[in-house]
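In what follows, subunit A forms one complex with subunit B and a second complex with subunit C.
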Partner chain A sequence: MKTQDLIDQFGLTAAAGKAGIDREIAGGYCGDLLSEVMANAPIGCVWMTIQVHQNIVAVAVLREMAAIVLAMDNQPDLETCEKADREKIPILLYNGSSYELAGKLYAAGIVNETADE
Partner chain B sequence: MNPARATQELKHFRADTHIHTCLSPCGDLEMGPRDIAAQSRHAGLDMIAVCDHNSAENAGAVMRAGDRLGLAVLPGLEICSREEVHVVALFETLESAHQMQEFVYARLPGENQRAVWGEQIVANEKNEVLGENPRLLIGATTLNLYEIVAQVHACGGLCIASHVDRPAYSLIGNLGFIPPDLDIDGIEVSFRVPLSRARESVNGIAGYPCVTASDAHFLKDIGRAWYGLQMASPCFAELRMALKGEDGRKIIAN
Partner chain C sequence: MAALKKSFQLKSRDFIHAGEASISVQNMLKQIGIESALIRRVAICAYEGEMNAVMHGENGSFRIEVNTDKIILDISDEGPGIEDIAKAMEKGFSTASEEYREMGFGAGMGLPNMETHSDRLDIESEKGQGTRVVMRFSLSPGSRENKTGQSA
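Here is the complex of A and B:
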């Protein structure tokens, strides 16, 4: 599944980084402590968080993420959008919780390699 | 460089610039202003700062209690940003701290539930209870870090990121690394990290003035971490110079 498919299937809105929406998604992750996400998020994943600071883009670049989803209607800072555009990291908005979306993504087959082995 | 200041005799002082009182819901009820000052003196400290969660309402009482004992007490707050990063804000005067407090209060939603979070006691320098703060002091403000730093500076204060070595409620824990454009005056490591080894223990703090503090919530913890300061006298203006390394003032890792 690609990021564009996520947008189409789950009612997400792309707020920034639209140049990167053709990437294949390789797993998912939820977390709001960026140090922890930086250490543990699967490479190529879609990441659900409520943090909006521009450091989320740096974390996404480090983990080569397919996309960041801001849950609970959180809006990215202006600097975050600018950085996401530069780095081609899609920032998607979701009005429900990370939990809810993670459940839907899991059911749709987005699972982490280590999780189902 | 100020020649008059530079020629002043510099001495070494012990500072613990992050101490809570009984106003913080997580602070022990024994943390009354009088006893905090006495315990700080007992622990050999020359200067402390009172930093309750999102409030400075007990700072004046500890300052007055400290005056009687020859202890320098700076008024401060430990402010929680919307990213849930804790930062210590230190001020020269109680008026400045209260100015910051009003700014914070206007952006701090919620009411305290004492059964859940604990009591928030406002007390005087004799440890007498004056009342209880009804706000959700343990909560996060709606302010982002940049807004907090800007307002602290507008009030004439210093902004130090709390316990950056901790996994949560910390600048590095929550945001992964220190945003290079954040105009922070210093960073604090917790008592768990010896100040002399802080730069090798915590990644990404090399460019920042670094202090340590007890973050005491109990009397016995006051001074469990402290840092040395080489400066002319224990006061806010000298601390500011020491953080900047001006005119011979500096932080000394103990």
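Here is the complex of A and C:
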């Protein structure tokens, strides 16, 4: 499944980084502590978080993520959008919780393969 | 092969540019064809070191050197220093402010992450004298993929 399919199927809105929406999704991760996500999120995943500041983009780039989803109707900072556009990391908005979306993604077949290291 | 070096200045509390040195290092390692699993380890360490210097330090500097047999990340700052390094290495220990914690930092995972993902971590610090963190990663002959720099 690609990020564009995710948007279409689950009613997400792309707030930024639209140039990157044709990437294949290789798993999912939920987390709001950046060091924890940095160390454990699967490469190529879609990351569900409530953090909205610009440093989430660097984490996504370094973990080669497919997209970031801001759950619970959280809105990204302006700087976050600018950075996401520059790095082609889609920032998607979802009005439900990370838990709810993670369940839907799992049911749709987005599961994590073995840990990358 | 001559050593490849790159260095960056890190500004205190500059969250607009924070992370860019690490991303640049990641791109550089991809270009020279370092294997992806190693790049990911370096990226974790680079990011943690960079964020620490930006959040806690003053006049930070970030250097990377790639030799034939190792990659060295050398990150230093003129910040407040670490009072008790052993304590700082404990998982969950953090001196981060409430503001940084709200941003998702300060979970006390930075230094433990650096220790786990590097082959060797050396910290020199003294209270009021700044901090220098040096991380080394062994490069075995198999650590380099073909010259095209394609990663899996």
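Everything that follows uses one rule, which is that the second predicted complex is superposed on the first by the 114 of 117 C-alpha atoms of A that agree within 3 Å, B and C clash if a C-alpha of one lies under 4 Å from a C-alpha of the other, contacts with A are read in each partner's own complex, and residues count from 1 in each chain.
Please note the rule applied: contacts are C-beta pairs under 8 Å (C-beta built on N, C-alpha and C of every residue); 3 or more make two chains touch, one makes a residue touch a chain.
Note that the coordinates shown come from a computational prediction; the quantities given were computed from them, not determined experimentally.
Contact with subunit C, but none with subunit B, is seen for A:I43 once the two complexes are overlaid on the shared chain. Residue contacts after overlaying the shared chain place A:V61 against subunit C, while subunit B stays out of touching range.
Of the two partner chains placed by the overlay, neither subunit B nor subunit C lies in contact with A:M72.
Between subunit B and subunit C, the partner in contact with more residues of subunit A is C.
After overlaying the two complexes on the shared chain, residue contacts for A:I7 are found with neither subunit B nor subunit C. Within the superposed three-chain model, A:H53 lies in touch with subunit B and with subunit C [touch as defined at top]. By the touch criterion stated above, A:A108 is placed in contact with neither subunit B nor subunit C.
Residue contacts after overlaying the shared chain place A:D32 against subunit B and subunit C alike. Judged by the document's definition of touching, subunit A residues 32-36, 38, 51, 53-55, 58-59 lie at the interface with subunit B and also at the interface with subunit C.
On subunit B, the positions that touch subunit A within their shared complex are 83-84, 144-145, 167-168, 172-177, 179.
On the side of subunit A, the complex with subunit B involves touching residues 32-38, 51, 53-55, 58-59, 77. The touching residues of subunit A, when paired with subunit C in their complex, are 32-36, 38-39, 43, 49, 51, 53-59, 61-63, 79, 87, 116-117. Across the complex, subunit C meets subunit A through its residues 15-16, 18-20, 22-23, 26, 36-37, 40-41, 43-44, 46-48, 51, 103-105, 107, 109-110, 113, 116-117.
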